[in-house]
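Shared between the two complexes below is chain A, which pairs with chain B and chain C, respectively.
And now, the complex of A and B:
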């Protein structure tokens, strides 16, 4: 389908070879969406995995409080993306929660348009996405952490290692398999993201948050360019494939055995 | 003697030091948890507050009212109950189909020749990796041609073909010792009997996680129903339509949001453990 000029409505369409793909690379909107997506994915993946690792390390011991914390962190994963988007829409709104807090502390002279200012909108979206997926990745990393044998930490303590040594030389190298799964899942999830973008910002303002996952659906069904959108989707698929392979090989190299 | 004292002092110092660090980390954690929980808390109480009090005093639960919920349910333009019915029909029918089909497929993949098995696994893995955007575009065309577009049946068919279920179940069946089946076949059981009487009952834990994962996914899905349904609405799609792009009557908005997530929320709170392992299980084994 990505080699045709189908518009999804009429039944007849022509085979136009690779014209769609050639057009992609001169399409400003497509290049913009690639750039937006790159920023989005990099910010989300790094933040989620760093935060997720910190929280997972802190919540490793099973205790009552920790169990409650875990279920709080996991709750946004369970509810729908649409619900999450509305929660954040309210927080970012003109008279919303974030502005209220900033005003309460008197930190703001003028109101900030969190999701209508093209410069900030993408970062606001990132924060919402981080909040949504953090619990999921925390659990993934936690599962990796729990496979590390307790004896290694004891050995490190006996050798006079500090807390940081424990983390740096035992936790970090051994959690890599868990972390790599989490990072791959996070990347793929962020690349595919549609629902949140649609409800929270609708790709706006002026395409500042139009990630590739959003643009594809937008092009295919709002502009009726099904063939063209298909070729965008194929590019997305290729990108996902390449990233997965790179991350896999990179982390396999870093993996260690004790 | 003197050395001993020094060592003791060192130990005491180190212990103190660790305690302070522990304390700082704990505080950091609690702050993170609170910052994380605030949006949840806000959105929950907002469903019971008037829009004005949401804006004036977002944190305190003042002016508690059930008016929002009542208005959301009786709104003549938005039939919440109809949406619930559609969502339930779709979710339950899809889950039943998944439960009936995927174990059989997985059983075949797990027990066929290694070559076929790995080829089929690769096929279903690809199905998992392909972004939904690719599938949906071709699917809409296909559904238009087959007149499945806009029907609940079409959506159920879409959800029933589930690669993840097959992958998880295949992995699980491979861990079941083949001797069980050999014993049964010596006793004269046919393949069909072996599958339903021996394999299927053993699959329960894996099936539970498959059902939870897919149930949540189907209930929460927004993109697929938006593109495949026309006039019928699922609950997740319905609230977006009901609220509209510029909805800022926050009390109303959160009443809808709460209503749409309520079933999932109740299920989650009543069986957290299954949820957490069910939802992350796929990734960990995959």
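And now, the complex of A and C:
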């Protein structure tokens, strides 16, 4: 399909070789979408995993209260992406919940266009995405934390180690397997993101949130350029594959056994 | 276990995603009315059921469709209608999916934009149908008429708050210069001249520029869609740039409400009704909304989007197209439904009255209207029409409308007009290939 000029509707298309792939290099919108996606992935992956690790460590001990907190953090995961996007769309709206709260506490002199200002729309999208997936990754990391033997922490305490020593020398190295899975899954999810973008910002304003996933669907179904969109999808597939291999290799090297 | 579960889910998902929603008509009654089709005397026509794919909105309710179907089945007792409903979202995409999976219903209301381009997808309509419409409503693709519009929608006019206008001694403008002078005066007096909307609906932000383009290009080149397609004019033509520059000057002068790009359609109309701005650019459907709205503390007036000179055009587009699946097993019955929608005055009145649109029949079918709508429809007859290039031989290529509307949003947010029109021209050339 990516070697054709198919519109996805009719059987009337021709083989055009690598023309679609060559076109990608001169397509400003595609290049913009790569840059947007890169920023989105970096922000979301780092934030989700750092916060996820922090929350997982805090909620590691089994207790009634911790069980409740874990459920609260996991709740957004069970809501559909589209529903989450609509919730945040209302939060970010002009006179929406966020504006109301900030004005109530006197923290906002002028209105902020959370999803209609090209300079901040992407960050608003990132916040919504982080909120949506944090619980899931917290659970992944928590599962990794549960496999760390308690004796190691006891040994560290006996040797006079602080909580920071515990974290740096025991938790962090041994949670690598869980963390690596979390980071790989988070990266793949962020690279493919479409639903949140479509509902929250529709790729705008001024293409500020047009991720590769969004651009592929847009080209395929709004422009009837199925062949060209397929070439974009192939490129995305290759990018995901390369990043996954790099991440896997890196984390395998970092893995330790005590 | 996981593989089995996924397999089951896949089959369930495939089945449910391709089955359109089917709504049964609750008001079906079998009446013993005389047979009305042309079978040989003495023979009773076989009862057939045809599927009609429709869409629902606050204007087009299930109750409305039930009334129409009841009337049709009373006239054609051997034909039953099984009404189906588009899910919310893009109707064209949904219809494309149905076509790809060979599940297109017999008759479709809308969703035909792409199907028109697929050879053999739609049944060519004969003269007994096309003769029911005004000549300018019949559009051919090649030599064939593949679908017919039920409605003609008045596109954008400017509605204004009469109280604010009267307060400052303002009257509706006759041309663009007078319009800008009104905006100047209002801003100087501390009023918000215009309220707009955001990307909630793709056309919302660029509602005014879309009409400005049709009005001023009509005056200059006649059919703008045709001129662009034939390359008589390009998107980077100085005349086109000048129109966009004029619109941008309204934005740069601060005439738009500060929340304009953040408002949804409903919000921007509500804000206008609350008196937050003096003017709003919206379609003919808002006249019906304005007539019926409660609690508005001022009178609403309207005027056509002013052009550079004093020639007035009213912008319109035909809509609510009806077409027949070429593979239907019941072509005559399907045609009967389409004919009914044009011949049966009550059905046509009910449909267009709910939408606030005018009919496309040779003799206009009028319905009870409020004062604003009545005035608008009466006045519209005095002006020449500037059609939006949404359908017909010179319609914009697929995707172009979306590009134009996104470009309007980008310009609204500060992007340079010249650069945006250059990009638009490149996209247009690509999409035409």
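Note that the second predicted complex is superposed on the first by the 258 of 258 C-alpha atoms of A that agree within 3 Å, B and C clash if a C-alpha of one lies under 4 Å from a C-alpha of the other, contacts with A are read in each partner's own complex, and residues count from 1 in each chain.
In this section, a contact is a pair of C-beta atoms (placed from the backbone, for glycine too) under 8 Å apart; a residue touches a chain by one contact, two chains touch by 3 or more.
Computed from a predicted structure; not experimentally measured.
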First (chain B), second (chain C), both or neither touched by A:118: second
Which superposed partner A:131 touches (first chain B, second chain C, both, neither): first
First (chain B), second (chain C), both or neither touched by A:171: neither
Partner chain(s) touched by A:37 [first = chain B, second = chain C, both, neither]: neither
Chain touching more of chain A, residue-wise (chain B, chain C): B
Touching partner for A:69 - first (chain B), second (chain C), both, neither: first
Touching partner for A:221 - first (chain B), second (chain C), both, neither: both
Touching partner for A:28 - first (chain B), second (chain C), both, neither: second
Which of chain B and chain C A:202 touches, first, second, both or neither: both
On chain A, positions contacted by chain B and by chain C: 8, 93, 95, 202, 221
Chain A - residues contacting chain C, complex: 5, 7-10, 12, 28, 93-95, 111, 113, 116, 118, 201-207, 221-225
Contact set on chain B toward chain A in their complex: 18, 21, 25, 29, 32-33, 36-37, 39-40, 42-43, 46, 54-55, 58, 129-134, 136-138, 140-141, 144, 216, 219-223, 227, 236, 239-240, 243, 245, 248, 250, 253-254, 257, 260-261, 264-265, 268-269, 272, 275-276, 279-280, 283-284
Contact set on chain C toward chain A in their complex: 90, 93, 96, 99-100, 114, 117-119, 198-199, 202, 258-259, 261-264, 267, 398-399, 402, 406, 409-410, 413, 415, 423, 431, 433
Complex contacts: residues of chain A adjacent to chain B: 1, 6, 8, 51, 54-55, 58-59, 69-83, 86-88, 90-91, 93, 95, 97, 100, 131, 134, 136, 139-140, 143, 163, 181, 185, 188, 191-192, 194-195, 198-199, 202, 213, 216-217, 220-221, 226, 229-230, 233-234, 236-237, 240-241, 244
